[in-house]
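Have a look at these structures, which come just after this line.
Two complexes are shown next, each including chain A; its partner changes from chain B in the first to chain C in the second.
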Partner chain A sequence: MEHVILFAGPMGAGKTTAIRSLSDIKVVGTEAANTDRETADKPTTTVALDYGEIHVSEDEKVRLYGIPGQRRFDFMWRILRERAAGMVLLVHNDAPDPVGAMSEFLLEFADLCERGGVAIGVTRMDVRPGPTLTDYTDVLERERPDLMVPVLAVDPRDRGNMEMLLMSLIANIEMRAVYGGAGALT
Partner chain B sequence: MAPETGLAAGTLPVVDAPPELSGWAGAASAIHAIQQMPMPMMLRLHIAGHEPVEIDFAFHAFAWSGSLADLPTHPESVLVETRPAIPDRPSIELPGRPLDPLLWTIGWHAFGEEPAPWLREGDRYRLRRWPSLSELDPTLDQVRMIAMLGNAFATADELAAAARTPPADARRLVNAFGVLGILRRSAGAPALDAAPPSGTAEPTAASRTTGLFSRLRQRWGR
Partner chain C sequence: MKLGSRPAIALHRDPLVIDLATAALHELTDLAHSVRYATVLTEDGFEVDGLPAHEDDRLSSLASSVQALSEAVARELRIGDAQYVIIAAEGGHVIQLRVPGHPLVLAAVFHLDETLGKALATTRVVAEHLAANLTPR
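Showing the complex of A and B:
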């Protein structure tokens, strides 16, 4: 049995790091030199996919796919979203418009949000404290009152943080499947 | 020293709470009342032996010099001071600290294992949004109950039965969400299924459900 969870978000949000924190295998990455240092000041960025696994048991695993944050790679988003049970959306708080970026990704992945679930991890809140988590949840309440979305401040380097975010997502998907008529993680 | 900016003139006097509203109960009731008010309010909590806690509801933030872990479980006294705030003018230095963890802590302790006085017997409750509790590191039992209440109306006792947790924990959780102001109420919603999803009959920690949540929990030993 296997489950697919996507890690999405703008470039520099910490998707690759988050998958490394959770994965039981060495993460398979496709990083290349970052030529867009204005958007994210880091030497490399994911150009196709990152891939990691959590081994639940001998015959069950959670496949973790990090999809590139840049829109020019959005064909990869389309390939994987059909298979995904849920999505961890990471947004870095020191981005120019992190709340707007969250809204944009939720709109882009609206079908996945409806079918499965989404959990939002706000990273780098220690670097820039505003916007606050309430700013994110206020927008979610306004734009998607039908969706229950966990929003947590996380450090993608912290395995405990990432476990809590993933467990919040899975709990929400399972409870929505039972009580809300959505798809299920079996 | 708490900043005084943004406070309107004509503040209300500090009043000693009656015995039935002692400890956190009075503060929780005041906060719950303020959450229902249309005008922006500022609240100051005078906790015996601690610096005052300043809460600005309009900006969903608070200011306090201490750590939440230092808040007493059963404070000797908590005096509540409320002031109308001037719209668009924060009463604390922003961004302040996120309010949910503070309100959760107060609500969790305020009424012990009893339901908060504003909860009506027989009514069911559901979350309007997921609480922002990163700072508190909630337990996975609590995460699961949050997910249940996020997707279905339930009484605290139904929630406890469905999550297979002690009723007192579910009552404290619902009380806390009432203080956060994130509950929707329904008098006519159907009862929560007591055994989601495909639960096993025995309420053991290892078999609360057969879903991925439980299997990952076992895998990670949490």
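Showing the complex of A and C:
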């Protein structure tokens, strides 16, 4: 049995790092030199996908796919979302509008949130403490009252943090499966 | 051309790089009349220039992902560096390759009346000329 989990979020949120923290295999990456440092000051950026695996048991593995954060690669979003059972959405708190970015990605991946599940990890809260987690959940309650979405502060470099977020997602997916849809969870 | 000493600016916004890319694309279309569309892009998917100019820059994003995926496959299989990416479709060929020594890729779509061999040779020559005109960055 295999499960496919998508890691989504804006450029610089920590998706590649999170998959590296979680994966039991050497991550297959597609990083290219970031030639536009004015937009995001990081040396490389993912342009196709990151791929990692968690080996749960001999017969069960979790496949982790990270997608590029920039919309110009949205064809990769469409390709990789097809088989996904759920989504870890990472947003970095020191982005210009992290709550808005969360809303945009939830809208973009609404089908996956509804048929599977979603968990949100807010990164870099140590760099910028606001907005708070309550700011995120307030917007979620207003915009998507039909979804129950766990929101955690995480450090993508910390495997324990990321395992906690992943477990929250799996619980979210299982509850949705048991109760038969997003509406039943409110 | 001495680009190495120029202030840091995104390659796809650098007028000198754009001029050199434009010249390379014209060289390509002069050498191979069956080019349907060609672009020089940064390896992270920004179009530097494309011919014909009215086309959207979708190919640049696609080419960036395909380049990285192809290189990941070559890396995983330990078969050395990827030289070209070739997509042979019913309606034409897509050929792309890195501009040696620079974070740039040349990608071109050829009609079927171009032989694959000539398309490969032509894109190689143009990529090498473009590389020679750019100093290490």
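Quick note on the criterion: the second predicted complex is superposed on the first by the 179 of 186 C-alpha atoms of A that agree within 3 Å, B and C clash if a C-alpha of one lies under 4 Å from a C-alpha of the other, contacts with A are read in each partner's own complex, and residues count from 1 in each chain.
Keep this in mind: contacts are C-beta pairs under 8 Å (C-beta built on N, C-alpha and C of every residue); 3 or more make two chains touch, one makes a residue touch a chain.
Just so it is clear, the structure is predicted and the values come from calculations on it, not from any experiment.
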item	value
Partners on chain A (chain B, chain C) - clash or fit	fit
Which superposed partner A:V99 touches (first chain B, second chain C, both, neither)	neither
Most chain A residues touched (candidates chain B, chain C)	B
Touched partner set for A:V62, first chain B, second chain C, both or neither	first
Partner chain(s) touched by A:V154 [first = chain B, second = chain C, both, neither]	first
First, second, both or neither for A:M76, with chain B first and chain C second	second
After the two structures are overlaid on chain A, angle v-u-w for chain B, chain A, chain C in degrees (C-alpha centres, nearest 10)	160
Chain B versus chain C as contact partner of A:E174, first or second or both or neither	first
Chain B versus chain C as contact partner of A:V28, first or second or both or neither	second
Lowest C-alpha to C-alpha distance for chain C against chain B (Å)	27
Common interface positions of chain A, toward chain B and toward chain C	none
Touch list for chain A against partner chain B, complex	3, 54-57, 60, 62, 129-130, 132-134, 137, 140-141, 148-154, 160-161, 163-164, 166-168, 170-172, 174-180, 184-186
Complex contacts: residues of chain B adjacent to chain A	60-61, 94-95, 98-100, 127-130, 132-135, 137, 140, 143-144, 146-148, 150-152, 192-193, 196-197, 209, 211-213, 215-217, 219-220, 222
For the chain A and chain C complex, residues of the former touching the latter	28-39, 45, 47-49, 68, 70, 72-73, 75-76
Residues on chain C engaged by chain A in the complex (per definition of touch)	8, 10-12, 42-46, 57, 60-62, 64-69, 71-72, 76, 103
